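Right after this note come the structures.
Here come two complexes built around chain A, the first alongside chain B, the second alongside chain C.
For the complex of A and B:
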């Protein structure tokens, strides 16, 4: 169906991009055949490290004319196969488009290329007393990738998700045309909101080559507290109580002892406390220490009243490091604890978090799988891992299918969605279809066709 | 091209909607032929007051099968002809779908029908110590209308716009199918973001029949300050300085003496001070009075250093009333001061506000038109009015065309957009096309076709 890349194509590509930034066939590392989770492996035929919008445009125009599939990829940290070149063809890697182009202190915006890493962006703006609030766990993801999945992260409780911080996008369309959507403006009611359609579309509608992001002044203070509980039930049941108290929190993360132990083993570092079955990690930030104190006193008292054993400040540098490093290593640690795993990134209404986590335990027992989880209790987005451990392939597949079916069905029942922040990609397509129904999938497919009539951009993903 | 409504159609409609909620031809008030600005007048053939999603679905299904155009309308307060039935046909009025269905205190959401008025929603949630931040000047607009134009308002500086508060939508598609997009969830990365495509689409893609809106805890304190300046230049030049100071403000509004005098005359009520040429109105809110005091002291000192004559608190009930009533009456007052007017709702990057307002004065002089303006200086969204006064029709048209051309060209130059919050509707179509170019208009038209292949829903609008 698609054209295979031949010598003539490579010759053309080398005429528009320097040859040392084009790799073909066996020159391409196996790392580019899969993403972080590695559920599916296909190598692209050509890998191009692009450095400008114009280069992307030239490659895309040629691919469009010749019907060669193209996949854009940043750091490849995704978990659903979105950055895998299912049909081979050209992979455009944005890693070298990693410049921060402008910080605009009057408009409070930063303009970046898509290959800038989240951790680079955060550090860069914080040095200037500014703040980019979205804070997904994977700090080495690119901003292009974050925009393409509408990444959320820990601070969504207070600050919202990536979408809320994207003001403008420059993109290359499947036919190679360069378009700009949005800009530095704060309000916009000028025609259909194409920008928000592109955000979260996982590289299937166009390739993002520049983004204008909103910043906020950096909060002067940030305080975290760790609260241990005797049981997981007690820990998660306190979350809706905290929300109903209308306290102003930045993050509410939950973590179970088994996940913490995995992280300790993985990192070879101690967590401050491993005496209890479950923990809630709270963050508060703002410009007034008095106000923050009022808030955390109120919330800590509420938690202790509802069963927290204690409340430790995560204040010394050492303690901060041990807690946040562990939190950052959860995914890697669970991955290292099993032969293979698959993940479920559901989001449910905040009030249903406790019920949903309890349900994962029931499913684990019913299906006979280890199902550790952690996640963003404060915004309803849970990261749930199905572990193969040393199970036989056949049995694992059966059990995982059954567990996914149960989990996504329950999420739907609760008014939740298939993915909170990791996207649909290749792996979650059947679950999305079941959730939104044939009409909406057809609507998405038709929109895809409007952007990409030849279906050459990241084919086989989302819908 | 479209089918005209005949007796058979009316008979069918009366079989699915009670007859007392269906008006035909001369029974329909002239008010339904135009919007608030009244730039274009066409009467629908049938006006139906719907009361449920199912009723809208039945009407829409019939209209689709019979190719009768349909326009949904709330309070009709728009200014660009978006709610006018250009092609006649059926007007669906949502005014009687005005129920607040649920306040969910755990998820901090409110579920509403589209005909709920903004002022009703605000009052309802504030009684429950909750807060719906979007605050457009026109409080009698419906929430359905606010969503359809992505209305912004005064508090966008701190809280963002309507889009940021829409979590879920129930809609009726042009073919009558009922669909749900989003939900109570905070994060979402589950396929293309159709919900945000619908927001701001001015009723051209589907009809919104229910919305789940995000709420926040009501801030405990809100303080406003009025600062007079000797000249308009001095007043608006202080705005970027305030923004660069990284102070936390809720609103920064600017108002000129001539607009204030118009409002005084219109209302027959005195404004607290009319001794100076220009005023800036600032609002601060939060839960800590100490923090608010720190902020307004810092900002007031900065303003006085940069030329403010004084800083009055808008604190007594009487003063609050006189200032906010005047602010709320600006549009009506300017309208009353002239035979006819047209408006320009551009949004420019915040740092360009001062330059743009100065440019409106130049254009006024150059073209020979009175061009009063007011607006949201803190977010770059300006409301600029071209006044016909007693000019001859012919000359007015020429002058207005020239002025619009100059204003929109300058906005583009500054990286601004045609509309910040009033939308494109019928009146601003040529300016949108010029701004975004043929490719993007074609993209929008193709998206419109995906939703509405027969082009029966609000035809002739946006693109």
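For the complex of A and C:
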């Protein structure tokens, strides 16, 4: 049993953090009781807006000594209940630690506090002709959150995921001690890579208070192409062909007409084309327009040969906005199209994407659920949504359980994983355990114990 | 129905720099694109054509590089295009530009409706459409959001700030199309393959093709506007932080005062 926060605790916290940055019980907005999808609501007892590593350290040390649970929180946009304070206790919100501390143009790194938002970071470095490639859909997520969930996004096909851009971390351990892992170095073979263990650990091992991120020179040009198809089957069958063509692509996304229509309704904005059942969206980037032209000509010809109706150019800021804003809104749009939904964020080997999407259609029919999906076809990471559509609670639960069971079993059979980028948190724990087995879960728990022997940091998550 | 859409090539980014010495826009090295407002006019034209048939041609005045945007319009679905281009047309202000466009359009023959974008993102005067209609002596309407054919007239919806007007206008006519009224269709790769550089679809009109050969009507010579100085407007980065009171209603008040809502 954890200690409940009492007046004495609050008094102490107020002695180390200015009182106006500490909210207690009813002062805390309900927004902090849930994330964007996890399906669980619990309010923390205390919410603290921290501003420095030292502040985090002081709070952590006190919580450790008094066995009060602590959850770190960025923007709360996660989708698996990871940022929910299941056991109450203290929530440390990093949103006021939002400074970009340094851009190092020699080492090509940027050093940030964890509360910097992805969109702020992207805009800041791009103004300097540099580029932070990870591009998850939710641009108002914090970098701390992105690192903690190893967020992926739209450019993973070419550039990889958040993990590939983290060079160094400053963290506060559960007992309040401050540690630095990695640094500005490009190579590092110095013992266990604890930085990499922390990335994707969903705030269960330590709290990230500063990060050194790798940047790349900003590509001079980027052009997307939207390819319509008569059917979803035809669209997804092209994906492996595109990959096999060895074309250099930044993104390969797939989307269906119903999802696009949901996004149109959600945004109140028309998509540039809604004449066909399914679409593939590709992005090419590089420093020479001629090279990009060669690449898209090759790929578009291939796609047309394999059934694409055409290839539409998405080449100016306005056109990119009209297409990518819709793409960015898919999750919210599907959410708005139903009373309740749940998500399956599996990742399968790229070669299995088409088969897996087809399988989701079979599951939808078999179980009797609407299961729209979209996602990063080019890296095998799919976002599959089970929609309740006003059915009775009991029936919904049964159907959703059945559908998840089928989907995760198939993913495993295909050599896939439970989560490609949204994480495990609270909602996907049983599926992770089933996938990786008792030994691996035990290994994870042992690691957690070494970092956090009192299990006070984000308890009840991941393993 | 014979539809003409006027289009212009503008710098590809909104962050255009002004040469501090000459006071002219620095266009070199910045990728160019079609004026975004013209795309809404183009889409409205496609809508008319899709529903009622006919032809849609684009007209652009500019240097040879403007062929790019004409091709783009053809890849989007235009049947053809005209580039009005001559050294003599350089340095034109609103009056000379609209006069030159008028002369070029007259050289093309009959039309039913001309659609223009509301304004360009580089010149920003929002006058060329109306002045073109005056030169052509055809009726015109501005801030148009939607069009349809109604017998021998065009029915249009126009947004006049505090009211939406639906009216009919006789053809031939000219309509200036408001921004953000639709989502313009995208250029097609297949049409690009089919038409290539569009040599057969594009006609170039020069000074010699125009009926009025008085050079003082064109270009710098035909431009009464004297530009004293062009400069980048200050980038506003003031922040106002509201801490106390009813934050939502304070914010609403500011947005309302600044006419965002």
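The criterion applied here is as follows: the second predicted complex is superposed on the first by the 459 of 463 C-alpha atoms of A that agree within 3 Å, B and C clash if a C-alpha of one lies under 4 Å from a C-alpha of the other, contacts with A are read in each partner's own complex, and residues count from 1 in each chain.
Throughout what follows, contacts are C-beta pairs under 8 Å (C-beta built on N, C-alpha and C of every residue); 3 or more make two chains touch, one makes a residue touch a chain.
All figures in this text were calculated on a predicted structure; none of them were measured in a lab.
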| item | value |
| --- | --- |
| First, second, both or neither for A:107, with chain B first and chain C second | first |
| Touching partner for A:400 - first (chain B), second (chain C), both, neither | neither |
| More chain A residues in contact [chain B versus chain C] | B |
| Touching partner for A:48 - first (chain B), second (chain C), both, neither | neither |
| First, second, both or neither for A:225, with chain B first and chain C second | second |
| Touched partner set for A:422, first chain B, second chain C, both or neither | first |
| Chain B versus chain C as contact partner of A:314, first or second or both or neither | second |
| Partner chain(s) touched by A:273 [first = chain B, second = chain C, both, neither] | second |
| Residue ranges of chain C touching chain A (in the complex, touch as defined) | 12-13, 31, 33-34, 36, 39, 75, 182-190, 192 |
| Chain A - residues contacting chain C, complex | 221, 225-226, 269-273, 296, 300, 304, 310-319, 322 |
| Contact set on chain B toward chain A in their complex | 104-108, 129, 149-152, 156-157, 160-161, 163-164, 173, 177, 179, 181, 183-194, 196-197, 199-201, 205, 217, 240, 243-244, 246, 248, 286-288, 290-291, 294, 345, 347-351, 376, 379-381, 415-424, 432, 435-436, 439-441, 443-444, 446-448, 450-451, 462-463 |
